[in-house]
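Here the chain labels run A, B, C, D, E, F and G in written order, and each chain numbers its own residues starting at 1.
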Amino acid sequence: MVLATIFQSGVSIEFYIVLSTILFVIGMIGVMIRRNAIILLMCIELMLNAVNLLMVAFSTYFGQADGQIFVFFIMVVAAAEATVGLSILVMAYRNLRTTDVSIFNKLKG
Amino acid sequence: METSELIEKFIVIVILFTVSLGVAAYATYFERKVAAWFQDRIGPDRAGPFGILQPLADGGKLFFKEDFIPEKAEKWLFILGPGIAMFVALMTGCVIPWSTALEFGENIVEMQVADVNIGILFIMGFLSIGVYGIMIGGWASNNKFALFGAIRASSQMISYELAMGICVITIVMMTGSLSLKDIVVHQHGFWADGYFTWNVFKQPLAFLIFFICALAETNRAPFDLPECESELIGGYHTEYGSMKMGFYLFAEYTSLFISSAVIAVLFFGGFNFPGMDNFEGNTLALLGIAAMFAKTFVFIFLFMWIRWTIPRFRFDQLMHLGWKKLIPISLINMLVTGLVIAYCEGWFN
Amino acid sequence: MASKLTNEAVIERIKSQFGSDILSAETPYDFLTIEVQANKQHEIIEWLKKDEILKISFLTNLGGVHYPEQVGREFAVVYHLQSMTNNFRLRLKIYVSKENPEVDTIVDLHTGANWMERETFDFFGITFKGHPNLVRILNEDSMDYFPMRKEYHLEDGTREDKDDRFFGR
Amino acid sequence: MNLETIAIILGGLTIGSALMVIISKHPVRSVLYLVLTFFMISANYILMNAQFIAIVNIIVYAGAIMVLFLFVLMLLNLSRENEPKSSIMVKLSAVIAGGTLFTVFIAALKDGVAVAATTATDADSIGLVENLGHLLFTKYVLPFEVSSVLFIAAMVGAVLLAKREKQIIE
Amino acid sequence: MSTWEEEKIHDDATYESSLDTIDGSIATLNLGPTHPATHGIFQNVLKVDGEKILGSEQTIGYIHRAFEKLAERRPYNQITTITDRLNYCSSPINNIGWHMTVEKLIGAEIPKRAQYMRVIIMELARISDHLVCNAVIGVDTGALTGFTYLFQQREKIYDLFEEVCGARLTTNMGRIGGFERDFSPAFNEKLEAFLRDFPKVFNEFDTLLSRNRIFMDRTRGAGPISAERALEYSFTGPNLRAAGVDYDVRVMEPYCSYEDFDFVVPVGTTGDTYDRFQVRQEEIRQSIRIIEQALAKMPEGSYKADLPEFYLPPKEEVYNNMEALIYHFKIVMGETPIPAGEVYHCVEGGNGELGFYLISDGGRTPYRLQFRRPCFIYYQAYPEMITGSSISDAVLTLSSMNVIAGELDA
Amino acid sequence: MGKIEDLEVFNGEGYQLSRLDKVIAAARANSVWPLPFATSCCGIEYMGSMGSNYDVARFGMERMSFSPRQADLLIVAGTISKKLAPILKQVYEQMSEPKWVLSVGACASSGGIFDTYSVLQGIDRVIPVDVYVPGCPPRPEQIIDGIMKIHELVKHEGMRNRYSDEYKAKLDKYNIEVNGK
Amino acid sequence: MQSLTDRKKVVGNKEMTFKEKLYLPAIFKGMGITFSHLFRKHNTLRYPEVKREFAPVYRGQHVLKRDEQGRENCTACGLCAVACPAEAITMVAGERQKGEEGLYREEKYAEMYEINMLRCIFCGLCEEACPKEAIFLTDRLVPSTFERDEFIYGKELLVEDVNLRIDITKRQLTGKRTEK
């Protein structure tokens, strides 16, 4: 049983463009205003997901699966980023006892 | 989708939920009895004949116990935790094929709520969400022991999901489908063409690893670290009382039931049974249900048997086992399986 | 197993080392008991521990005794020491006065003395100089007396269900 | 209720929960809202008939990555709301920058898709496993292998980081 | 000053402040007093980093009952009831140890038969003590079933005690000078049955745990203590033997004819939980051997010493004989003359050297009675033993040390 | 709670246990989860009654709740010293209603032989006790006897008793606040 | 450290054989043991329905005995109270009046005799102390109750019923008193 895709029921692709752009922008604003490094990482995940959403939307809309394949690769990157990022953060927290991003300017010393 | 079909699905869903809850409730009774038998005791025998009403008594008591939310807890998350646990445990049952279709005159009723073509992924997905119930509950309690329980639960479940997934992939490779129904049908009967058809005979190692991981995913001994009494008092549910606590217990036993069913489906041929070709129609379906439940109960018993026999791991040993033993072994198993499949399909010729 | 050391030999050896610090030595029930100067016990115990022949390096027990009628030496601190290799036991006593119940700690020699000294302090109020953490151990911190001293009551005092006339005490 | 309404409601919920991610003061709440966002996005995928991506999104993001985040938060015990507040100026400028970016994106993308959709014949089944799997192992086999290398690199990196930390303690 | 140096100073300043947060943010965990592993009596405030224990502070005294003060107000024969409650898992050892202390003080000679009977009772008590400890180690590792198997056997030991003295746990067993009555035929029967059945069940328990890898992994290396440190801390008993020192009062200073029996002293190597478990397991086997030997060699004779001034005369005499009645009154009222003096007597209790330091001034009650309580002495090593290990190990270490609250808190 | 006859007074005039009350009471009585506050000798005997020979599991009581939130019955077994009393009280306060207290053994009930400066002469000075079990330590039979007395109590208690003024007054006597309401 | 006793035996072998390292053999062995218990008869006493017989010397609830003629043996000498470590026995002595010879055996008797069963530790010292064959411990258990006050057992609960004698002959401490 295959469901009809949403685009056959009247939703336009613009809807998803707007949606994912808004999500992306929210992620970006989050990166700018939050100072907790973990939340920054999360906002980056959110931005990546916004891109994913757009990819899938286009892929479905154009009937090409390639977009969805790219989503996989983005997920791979996101997962890798999250593991490495978090382990760095844990390390940093153990040494500096904070996850405030502003502390990372000490890395240069 | 027609209305009649919707009603039919609705009835199947209701039956499934009732059965899941009923089995979960009586699994608690069964667990107590089994433990008693192993330990030369009698077990509950005073609530009703043979203590048969014990689960009802427990439920009734929990329901009317004072509902208490600790002052320092995160109120909404505290309530959400058991809810998620219960929801996830119940949802997983949706994709399990309980038997072949039953026929009522014109109507053909599938004994499965939804035959999703990515059924096994659905189960994996819900399993991975299941940890949130414990994590949220443990964290929201604002209690150190609960937090430790939550931390242990999360890392344990993530770790064992991996090995579990790899074992599932081996099965999927052999079947060529992600649908649980296809997997069951693929194991049709018991003996065919000089082979046992059930996956357990083809993939004993995968079964073993899957079973161990299932123990870990359901937080059963010897992997019951998130709630082990002697160390963490109650683990994640230390601060829970009344029916919220009951929900956690229910969820635990429901997932016990569902994981037993999944093991039966993936490795023990689901509703297949030896000599099933001699039957057809509704008889076959009913016998199939019986076979499926029989297998499930065997596994529930096995789960309990293990719980009451072996000691539990320490946390680092548990991680060690998961990452350094089970995952490599299951990877090798997968590799070998792939090679064998490739050989059979004539890739090397 | 019989002991390899005799009481006489040990007392001989200790006396040759410390002489006048040993106030008395007796052997009640074949158990060598020596009384030493109150400020010397740390030195003696250290020597006993390190001595090549005696090797009395194991602290069996430590406790206090209260003798209210012995003026000037109301409190005794009793050390039971033991040499496992020689299978020999020794009792060492010091007396201190009520006004100044102060003795040196031996925690630096025997780690296990820590709680025993705390207990003695808790019960008798004998202070051990140099003890790392001399606070009450068994009783509540808020307690304002030292219960094992003879002048204090044993009883709780809140008990109502007893008629003392019948107990001959 | 037709699919359009559902899509709009879902979209609203997605944006709402995404906003809560950055508004919530408590990191754990942020994580939970982000999980909710991912669920909403997965629901959107299902609407687009990309079931496989939807379930993988849940398994990978909600089931693994976000659990990892939550785990780290709990491990570090960052339950105290000790995050320093950004100044109002920073917030304002962030919102303005975001708004600008939004405008630019919309403007850029809007024209890009003006062309009518060329609906392929198998449009309904492109989101299914068989199709994706086939593509992944034929056309995109190189990136696929490369991504596995990336994973190994990430794993080794994470393990090394953890190891080094141990030596410091010793 | 270069900018780099400026940074550095700045860094140092922040480092100072972050040090404060390090101290503040290392979590403390309250293990006890109501934690299940601590049986409601000890408090351990653990400093933990994740699950790793960085340090611990102990509070004890939660069931301090003032035994020593109480002993100064009770006549000699009533003190037995107090010793019952010291290490309540093996109260007969305490009872008999106390009786022997008084016998030493008054210089009594005990018939060989009574001594052998005492050995049997004490070894049974040791078995029951070790059974509780090892069963609880099993429970704390999560294997409950073994616990129930052992507890069935322990019930049988209690039945035996009941046959001898009429009580199960706080036995108040024996009298100064021997026993209040001889072993009954029912006792002998039950003892034989016990000796027959027990090894089977015990071996089952042993198979369940001791070579199971999960259990071995859990217990090996958990809470170790070296022989040197153990001696510094004045350890005795199974915990010291687990560290590798074969000190056993029964062999070093035999009392109660222990020199007549052939048994070995099991020792461990590293003093970890596994060693403690195994040492106790082996001691149980040795105890069974001792009991069998004692039964085989049981001499004829009286079950009590001839001590008219301390041992209550038989009831028949009391009823009918004036002299006996007078003795009876004197003994009960505590008016018999007791020599003044001080004795120290020790027995190998369930947890180690259980010593009685008794000072008598000739009065009705002891002038001072100090108990050398092995638990109290070795429990102070607990923080040292668990530092650096995980919470799970801490729990196991606690249960394998077999800290009995009655003995700990006096 | 006091004696069963007292419960009538508790219930107010004319109040009878309704059928629902009876069902709930029966459910509660068959599912009393204990919190063993076992400090000394009696604790060992309580372990004995958990074991195979006596098996309190028959009463549906094998699930020990070391967390006070989940427990219905506080089993105080063993000496409670004055140092421990505040902790006992705290545990009692943390328990959710309805809750009962079983005082096992001489020490917990009255201090027993330990009439000393450090021992609380009966836990009823700190928390209300429902059933006392004598013995030092009581045999498992006696503990089960006490548990059955508790069951009797539970079965005769209506659902509203815990909101009654009498109950509040009783807790007031011990300076314990009634949770919530 | 050298051996102190020459009876040393090292236990606690920490090396695992390959078979033991595999986890499974030991686990299966353990499971076999638990499984074999599945078919064994349970070992539980269904307490309130089935009661156990205690040892004849069991120390349970006290009884104040009467002699063959139904007279109370107790003469209120107070030895039991002195011997009681829990200080649980209280009594008031009374002089036997004319005409009460059928009630009390001796010239003195206990007008009031109370045992606080909650204090009592059932040590049996009172029984031992009694020179008059009056107080015995029996194999009856003291029931639990709801009120603390109910544990003070007076004579009405302690003295045995003339018609329902309690058999204590199996207790070895019983001597036979010759008739005066």
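Worth pointing out:
As a convention for this text, a contact is a pair of C-beta atoms (placed from the backbone, for glycine too) under 8 Å apart; a residue touches a chain by one contact, two chains touch by 3 or more.
All of these numbers come straight from a predicted model, not from anything done at the bench.
Counted as hops between touching chains, the shortest connection from chain D to chain G is 2.
Among the remaining chains, those touching chain C and also chain F are E, G.
Among the inter-chain contacts, the highest number of C-beta pairs connects A-D. Distance between Cα centroids is largest for the pairing of chain B with C.
Centre-to-centre separation of chain B and chain C, using mean CA positions: 63 Å. Inter-chain spacing, taken between the CA centroids of chain A and chain D, is 4 Å.
Rounded to whole angstrom, the centroid-to-centroid distance between chain A and chain C, based on C-alpha atoms, equals 71 Å. Distance between chain B and chain E, defined via averaged C-alpha coordinates, is recorded as 45 Å. In chain B, the positions touching at least two other chains are 35-36, 38-42, 45, 229, 233, 308-310. Contact of a single residue of chain C with at least two other chains is seen at positions 1, 84, 87, 138-140, 147, 154, 161-162, 168. Each of residues 25, 27, 35-36, 61, 64, 66, 69-70, 81-82, 84, 145, 148-149, 152, 170, 208, 212, 214, 245, 247, 251-252, 333, 409 in chain E touches at least two other chains. Chain contact summary for the complex, chain A toward chain D: residues 2-7, 9-11, 13-19, 21-30, 32-36, 38-39, 41-43, 45-46, 49, 52-53, 56-66, 68-69, 71-73, 75-84, 86-91, 93-95, 99-100, 102.
Put simply, chain B touches chain G in their complex at residues 36-42, 45, 305-306, 308-310.
The residues of chain C lying in touch with chain F in their complex are 138-140, 147, 152-159, 161-162. Residues 1, 84-85, 87, 161-163, 166-168 of chain C touch chain G in their complex. Chain contact summary for the complex, chain C toward chain E: residues 1, 28-29, 31, 33, 57-61, 63, 65-66, 78, 80, 84, 87, 89, 91, 110-116, 119, 123, 136-140, 147-148, 154, 168-169.
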